[in-house]
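In order of appearance the chains are A, B, C and D, and numbering begins at 1 in each one.
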Amino acid sequence: MSKIMSAADAAALIGDGDHVAVQSMGTQGIPMLMVRELIRQQRRDLTVTSVVAGIGIDWLSFKGVMSRFCGPIVSMERFGLCQGFRRGVQAGAINFEEYSETGILARLAAGARNLPFQITRGMIGTDIPALHPDTIRELADPFTGEIVLALRALRPDVCILHAHRGDERGNIQYGGGTIWPDVQIYPKACGRTIVTVEELITEDQTRANPQETVIPHFAVDAVVHAPSGCHPTSFFPGYVYDEAFHEEWVRVSRDPEQAIATIDRYCAADTQQQYLELIGEAALAATRNWRKLA
Amino acid sequence: MSKIMSAADAAALIGDGDHVAVQSMGTQGIPMLMVRELIRQQRRDLTVTSVVAGIGIDWLSFKGVMSRFCGPIVSMERFGLCQGFRRGVQAGAINFEEYSETGILARLAAGARNLPFQITRGMIGTDIPALHPDTIRELADPFTGEIVLALRALRPDVCILHAHRGDERGNIQYGGGTIWPDVQIYPKACGRTIVTVEELITEDQTRANPQETVIPHFAVDAVVHAPSGCHPTSFFPGYVYDEAFHEEWVRVSRDPEQAIATIDRYCAADTQQQYLELIGEAALAATRNWRKLA
Amino acid sequence: MTTPDYTVDELMVAALSRHLESADQVCNGAASFIPVCAFALARATHAPDLVWLAGAVGLDARPRRVPASTLEAPLWHRASMYMPQLEDFWSYALNGRWLTKFCVRGAQIDRYGNANNSVIGDDYHHPKVRLPGSAGLGDMGSIGKRLLYWTTTHNPRTLVERVDFVTCAGWLRGGDERERLGLAGGPEVVVSDLAVMDFHPRSKRMRLRSVHPGVTVEQVVEATGFDLVIDGDVPETEPPTDEQVRLIREEIDPDGARRREFA
Amino acid sequence: MTTPDYTVDELMVAALSRHLESADQVCNGAASFIPVCAFALARATHAPDLVWLAGAVGLDARPRRVPASTLEAPLWHRASMYMPQLEDFWSYALNGRWLTKFCVRGAQIDRYGNANNSVIGDDYHHPKVRLPGSAGLGDMGSIGKRLLYWTTTHNPRTLVERVDFVTCAGWLRGGDERERLGLAGGPEVVVSDLAVMDFHPRSKRMRLRSVHPGVTVEQVVEATGFDLVIDGDVPETEPPTDEQVRLIREEIDPDGARRREFA
């Protein structure tokens, strides 16, 4: 039975109130097709976990899809703070459950391995542990008595990832660049796994390059075809982030009305193809020009 | 300053009494050039850690180089038990500090990350934890009270690995097949790292395929050129294990005198080139024929 | 009576394969020829979607035939993934949702399904025989796996009252001891060269379920180092069908690697 | 007096580069243009073997020039390794032997070198300004790193008596508090757009070490939200040499990405 499905069908695997881990590295690798689909389907009250959240979280914030963010940072890097998220937190509409990077990764690693907790030396001395008495505890090393921090296992309901290739069984391949932690840890820690891919391939093509497979089919529930699926963020080596798009977003996102109108305009696209047409070939071509940035 | 050196110079990084982590997966990937060099230099009282120890540990056992093995298993897979090791343990000359796989990996993972311990659910209910009161303790999850096992950090003095390619700065590349845990964890957990490689490459060649680099130069102390360096064990995709060599070893290793004479004969080779001449081109050609086994 | 057209190795392969379903994911360890044949047979017959991680590395491998080693690259020919052990294999194995069945061959298996692959003798530190060691067994018995045992040496040295050392946690000392330690899973079946056993639901003692064609209950009792639970009449183990035998001999294991287990 | 042929960004790059040696390994995070320029300058001058992990990913990267982002693939052009974050980067960072210095820019830095990148305001849950969050800072201050601070906004809002929230552990409340918690490393230097500071060895209070050419001690005192330790005469910060300026402008950062930090 093929796991290839539409973004709409994949989004149906996510319910109101779910905890959703979303791949994100600032201006890189955000599965925006699924972000838009969650907005289109008017999901509510999601908790989102990302390693470095970016524009996707800002859109979910403006549209009231997300009520809690659980992770280390929300930032569009050179494009600055996410204004919708910032406003949401400042207004009390969004709760930011803040951890350091080793903190959130330890929680996910424990979830991935069905261990009750993992430890870190990160955050000791900071004000972060005191925020989370239910998920961070001091723990004495049973051998030396030294104090470390125990991070409670986190098992989000579902995760959304983006990768280079996927086949109908659900095998997912990565084709270059570094492997972000999202890809390695979310499918194990999360209850369901949705992966948008640049390219659909056959199982035979998967078998021709087994060393590029990074998620086994048995850990994948949905494969969604999404060429340029991270636009306006980058996905190495295919395309860089859309600089003009981000700059325009920085401008409009100062005003919630303009921000929401912008989001709605892009979310009106029923398919990835329609979305790419909205963006236009000139803008897409610019994102394929690494030299501009390198 | 180039890190490329002879096996003899690399072995000088290992002292009597050291704890040495040696790459090994049964009949696969054992850095035999360095095993022979440790025998040639008459190292004594080594503790060896491997994931699945094989013929290399048997040779070290027969020659009195190793007095302790710390790991989950010693076996030549289809070729059976390592007789020198078995005799050594039964005679009380070698101590087998036995852990499960998650047990030894948890100890190394803690050492790699400078954490005092890591936890596992493995070994609960078995007789293994009671063997190691100094390195395995029951620990209550601070959140739920559930009991798991804490494994104390292990930081061997030095490790010996084998890889496909290395450059003079010490960058190490893998070129196909699966990544065994040895390669990923020993360089971080161990004080010094020695890597034998099939091929020496330039730093420019390394930069041409950065996604194949698996150990950064700063974690590597010695790079030793060793074509067919795992013979008689296999190293994918270059060569399979030498079936005839292993079968002959099974035969002679029943008798310690014959076993030692065999080891001495191969250890008399001063260089990898001389060793390969002793093995002979016909035998080496046979190991390059995967079809024979597949 | 005609001579049956199968051998005991083929019978064992077929018997083990019956305990595998399409929804399962399984992996194999070293020198595991009978399980590897059983996985292939299950995939070729009643469990086409059974996921097999060859050598705990090669996902859905398609070796041309069972090779001479079950822990070398020829086994994971045409795999769709080479699974890294450290981060991937052990995460999926520990997770609890996947790889829920595991086949175990112990040098000793006791009446409660504990297995020993460590030492023979009373003194661990001065053993009569030093066995290879735990490998993954020390984990697989403790992390919720449903354990399927096989052995080609059904005799009182293999099937013992109490293992000399618990390398792999079975039902421990029976009853609810395993449950009290919070361990899920546990031993479900033992396929030997003489019979098929399971474990009594309450006492967790090993129970005779069927004897292979041509073997008597008395022979099995004689060959077992403890009292097997015997509930009423013991049926004969279902023999492999002609088609199963053909698949094993012609498609799966034409070299007869499975017979290495009877050395 | 002639107008000096450098700008403050170049002065800061040169000042920061002096704290890097050939034996160091460094990585950079997001929007870290001054550190990235300082790493390149150090490598081009006194610290040729300095190891730089671009964006915590690209080992010994050789970007053609500093790009518009310090966390995107153009930065790790021609790297010799793409370091996986989960297993590799964090292991090497936590290990203690490698990556021992880390450059930090905090929205607030206090007199004891604690940094805040989380919230402005007294109530964490109802902040006046929600800042981006900890990212790796919450780790780097606690795992033995020697912290090198930089800021392009030396004013009382950035350099505060006490941070509103300790995102990154500095010398905590001074003295031996850090040591008592078992934390190695700690803040060593603060390079601002006005001056260079370090920390008093015993009290761990921030201490004025030099003022940039054209800046007076009084101006620095005025721009600082707490009393800086001042030990005797305060020298002038050594300006960048002509060759350093040339390298920065022509070789390292011809697009002037470093000036993005002064937006």
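Remarks
In the analysis below, contacts are C-beta pairs under 8 Å (C-beta built on N, C-alpha and C of every residue); 3 or more make two chains touch, one makes a residue touch a chain.
In this text the structure is predicted, and so the values were computed from the model without any measurement.
Contact with subunit A and subunit D alike is made by B, C. Of the two chain pairs examined here, B-D and C-D, the one linked by more C-beta pairs in contact is B-D. Distance between subunit A and subunit C, defined via averaged C-alpha coordinates, is recorded as 41 Å. Mean C-alpha position of subunit C lies 58 Å from that of subunit D. Within subunit D, residues 58, 82-83, 86-87, 90, 94, 143 each touch two or more of the remaining chains. For subunit A, residues touching at least two other chains, in rising order: 114-115, 120-121, 146, 177, 184, 211. A complete topology is adopted by the chain contact network, contact being made between every pair of chains. Within the complex formed with subunit A, the residues of subunit C that make contact are 25, 51, 58-60, 62, 78-83, 87-88, 90-92, 94-96, 98, 143-144. If you check the complex, the residues on subunit C that touch subunit D are 86-87. Those residues of subunit A that touch subunit B in the complex are listed here as 114-121, 134-135, 137-139, 141-144, 146, 148, 150, 152, 176-177, 211.
Those residues of subunit A that touch subunit D in the complex are listed here as 25-28, 52, 71-75, 77-78, 81, 85-86, 89-90, 92, 95-96, 98-103, 105, 120-128, 131, 146-147, 177-181, 184-185, 234, 236-237, 240-241, 243, 290, 293-294.
Here subunit D touches subunit A in the complex through residues 30-31, 57-58, 63-64, 67-74, 77, 82-87, 90, 94, 118, 124-139, 141-143, 165-169, 172, 178, 181-183, 260, going by the rule given at the top.
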